[in-house]
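Chains here go by letter, A, B, C, D, E and F, matching the order in which they are written, and residues are numbered from 1 within each.
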Amino acid sequence: MKLTHFDKAGKARMVDVSAKKTTQREAVAAGSVCMKPTTMRLIKAGAFEKGDVLGVARIAGIMAAKKTSDLIPLCHPLNVASITVDFFFDEDKSRIDIKATVKITGLTGVEMEALVAVSATALTIYDMCKSADKGMVISDIMLLEKRGGKSGKFVRRPSAK
Amino acid sequence: MKLTHFDKAGKARMVDVSAKKTTQREAVAAGSVCMKPTTMRLIKAGAFEKGDVLGVARIAGIMAAKKTSDLIPLCHPLNVASITVDFFFDEDKSRIDIKATVKITGLTGVEMEALVAVSATALTIYDMCKSADKGMVISDIMLLEKRGGKSGKFVRRPSAK
Amino acid sequence: MKLTHFDKAGKARMVDVSAKKTTQREAVAAGSVCMKPTTMRLIKAGAFEKGDVLGVARIAGIMAAKKTSDLIPLCHPLNVASITVDFFFDEDKSRIDIKATVKITGLTGVEMEALVAVSATALTIYDMCKSADKGMVISDIMLLEKRGGKSGKFVRRPSAK
Amino acid sequence: MKLTHFDKAGKARMVDVSAKKTTQREAVAAGSVCMKPTTMRLIKAGAFEKGDVLGVARIAGIMAAKKTSDLIPLCHPLNVASITVDFFFDEDKSRIDIKATVKITGLTGVEMEALVAVSATALTIYDMCKSADKGMVISDIMLLEKRGGKSGKFVRRPSAK
Amino acid sequence: MKLTHFDKAGKARMVDVSAKKTTQREAVAAGSVCMKPTTMRLIKAGAFEKGDVLGVARIAGIMAAKKTSDLIPLCHPLNVASITVDFFFDEDKSRIDIKATVKITGLTGVEMEALVAVSATALTIYDMCKSADKGMVISDIMLLEKRGGKSGKFVRRPSAK
Amino acid sequence: MKLTHFDKAGKARMVDVSAKKTTQREAVAAGSVCMKPTTMRLIKAGAFEKGDVLGVARIAGIMAAKKTSDLIPLCHPLNVASITVDFFFDEDKSRIDIKATVKITGLTGVEMEALVAVSATALTIYDMCKSADKGMVISDIMLLEKRGGKSGKFVRRPSAK
């Protein structure tokens, strides 16, 4: 087993995808932001009346996903076809779950784009609420699904979360 | 209690820091990447012989921290004075812990820069090892310490982790 | 009278501000997007129920203002202290007026940052509504006020608009 | 009628273009900068002897158009095939008219790229001449034509200007 | 003979590539950094024990190549398929030779991407060693080979170096 | 002697400048582009009649210098106060010499900004003339002078070139 981002001599490289096939590809990633119950209430209230934390965070996630190849050194620049970011309130665990879905018709997959979207969304939630809750924790950033391309389908097993 | 990134009408804004004092400020953030034991061994081996995953990830973290205001919508552009990224292998939990420290002499804090450094470092580890281990999970991204500025010192309590 | 962005030989240059004084500076710019009355209604409705065009456009304006020195070739990179973007519905003229205010404590003014904020905000409104109204027109992008610095205060005369 | 940049629940998203056809597409946008007659004379003189305002502004417009997806939150990253920026002096109205044409062979249109090119060109003219004329006004930024793609041809009616 | 980056009137433009064919293209560029023998020894030692100058410089070169269209005003944005950067120690001449190879399946060539990769790699070597040797000189940045596209193959003649 | 961009364990870091003094600093860098005599004539002619290669290249150099911290991994983000780029035709050697001067009032020097300005200027000359002369060579990129800061003045000895 080896890491494809290095050649035989151990030098980092951008993997050559020029022989890959153009296919429809999709990746879904997830992550969570744990916070105090009062912070969560502020966010829920703000979405309707006082300020839209999640609306801003969603835009940050979408824009960051477009910059993935500028952030992750060996990622290929890609023209993503679609990015969506969704939120789920888990009141029992006092956390907001984030899900990002990215699609492309291209030579290589968009796992990193989906993971970057989730990360930037989570970091923006932190930034916008940190005056109220510096102890928030971002966790469980992971790939849920991946479709298309030679390596085929990947679906995270439920027990893994 | 309110979120400072919104005005009274709930509109997002970049908080006015022009009346703040220029002081020395520092922030320390942490995070972890959980992986298969074989992946961890590949990374440890690579650092010496075959390819330097952590060396590349550290550079990604430092460069991303410099782009914080381009990623997080309401962050101020800042001239950070120093960024360091350190790694710790936790073999029992099969995970790599990341710690980023950012300093500045400026008008506002660098918590987000430290958190962005940790996130981009972790995402780059994922990217470089994903051909071997798509199931890696990024967790526990959090602020450990913050010094300087009007809101004073913040130190995360040990039990919080 | 001469243009300061050129030297005596007519070569473009970034004007030397190293001898200028650090002072508090502020600039206010404005602009408008003219549209069909039905488009305006869609935006107003969306802000509350179906989708927040102006919330997204405001974020675009704030983020673009931070990139001013990357867009305008001879602008100095600056650490702006505050950016706000406000909207006013002018139902009679079927247009949305945009006002951006930028502050800094620095060596040079922020007129361009305010004008870039207005422009990017207006372009984002166009982008988000163009499926409904390709004929929208962006107009009257202008500097309203400027304070601080050697050239002193500038206030646009009311008749000018 | 609805705005395609939002889903049914009103959440902003990058529209999925993965099912669209790759076709040749073209967009033409226009805009104007109104100024004092003396400013216009300075620009005209400079183009030949003292400094090339329009040459710098054209480069700014071309470079900004390439950054469109970085400026407009829900725009797709695109590999534009061609960008041109032209100027026309309207001495009677003391204004410079700007026209930008952008082409692509791709999945989605380049209206925003053409509008961004015009806007950045106009803002750069403002920046380079603002030491002489702070009262300049940027107006009439609009789409003139659009060709290719499912929504077909759009040509602005002459009376619309 | 004429320069294709200008139209007949001498105005700069991004050349229209929409009628070009999608083919496999490749470019190889080279360059050198001349330094004191002691600096070269520090770099060689560092690569194994104390700090990896060339590892960091390679990442800088790869990341800069991805930003080529953001640096070179009339370059087309491209989705490069592969980038590699190699080093050769020339002890007699006390210099490090850099070679960058870039591939793409696209409408236009990647010569500039290869030249930018070499330049950013060389500049990063300078930056990382300048505390020890401010007199380093970067030279002989040139295109070695180019394949694919209508203008066909270019191979630099050996005597040219 | 050691390289300051690595800590004692050999890990790359952004050097801490927070204890440095804010002083006026200046750096001058140079470089050359060697070309066929016919190419040089095209450039000289173009500057007046057919297209302004050097005008575009100067803008590219100024804009790239502002992005230095985004290109060179361990460079600090800086607010440069002034950037100028000058050209000299050396007809005997059939080459264009480039000189860039950068100033700042800040905590760290601007040598890299001056070297990046020269490099991007040279690369843009290559790009704009490559349809006529693929064999151009960029050489002698070096620091000529540096003033300000603790390490004091550096002036390259004439014999060094």
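To be clear about the criterion, a residue touches a chain if its C-beta (ideal position, glycine included) is under 8 Å from a C-beta of that chain, and two chains touch if they have at least 3 such contacts.
Keep in mind it's a predicted model, so treat the numbers as computed, not measured.
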Common touching chains of chain F and chain E: B, D
Same-interface partner of A-D, chosen from the options A-E, E-F or D-F, over half of the pairs matching: A-E
Chain whose average C-alpha position is farthest from chain D's own: B
Remotest chain, chain A as reference, centres from CA atoms: F
Centre-to-centre distance between chain E and chain D (centres being mean Cα positions), rounded to whole Å: 32
Chain A and chain F, separation of their C-alpha mean positions in angstrom: 37
Touching two or more other chains - residues of chain D: 11-12, 52, 55-56, 59-60, 63, 67, 70, 73-74, 77-79
Arrangement of touching chains [line / ring / star / complete / other]: other
Contact pairs between chains, per stated definition: A-B, A-C, A-D, A-E, B-C, B-E, B-F, C-D, C-F, D-E, D-F, E-F
In the complex with chain A, residue positions of chain D that touch it: 7, 11-18, 69-70, 73-74, 76-79, 106-107
Chain C residues touching chain B - in the complex, by the definition given at the top: 24, 55, 58-59, 62-63, 66-67, 77-86, 103-105
Chain A to chain C touching residues, read off their complex: 52, 55-56, 59-60, 63
Chain F residues within the chain E interface of the complex: 1-6, 10-12, 31, 38, 42, 46, 49-53, 56, 59-60, 63-64, 67, 70-75, 111-112, 115-116, 119-120, 122-124, 126-132, 134-143, 146, 154, 156, 160
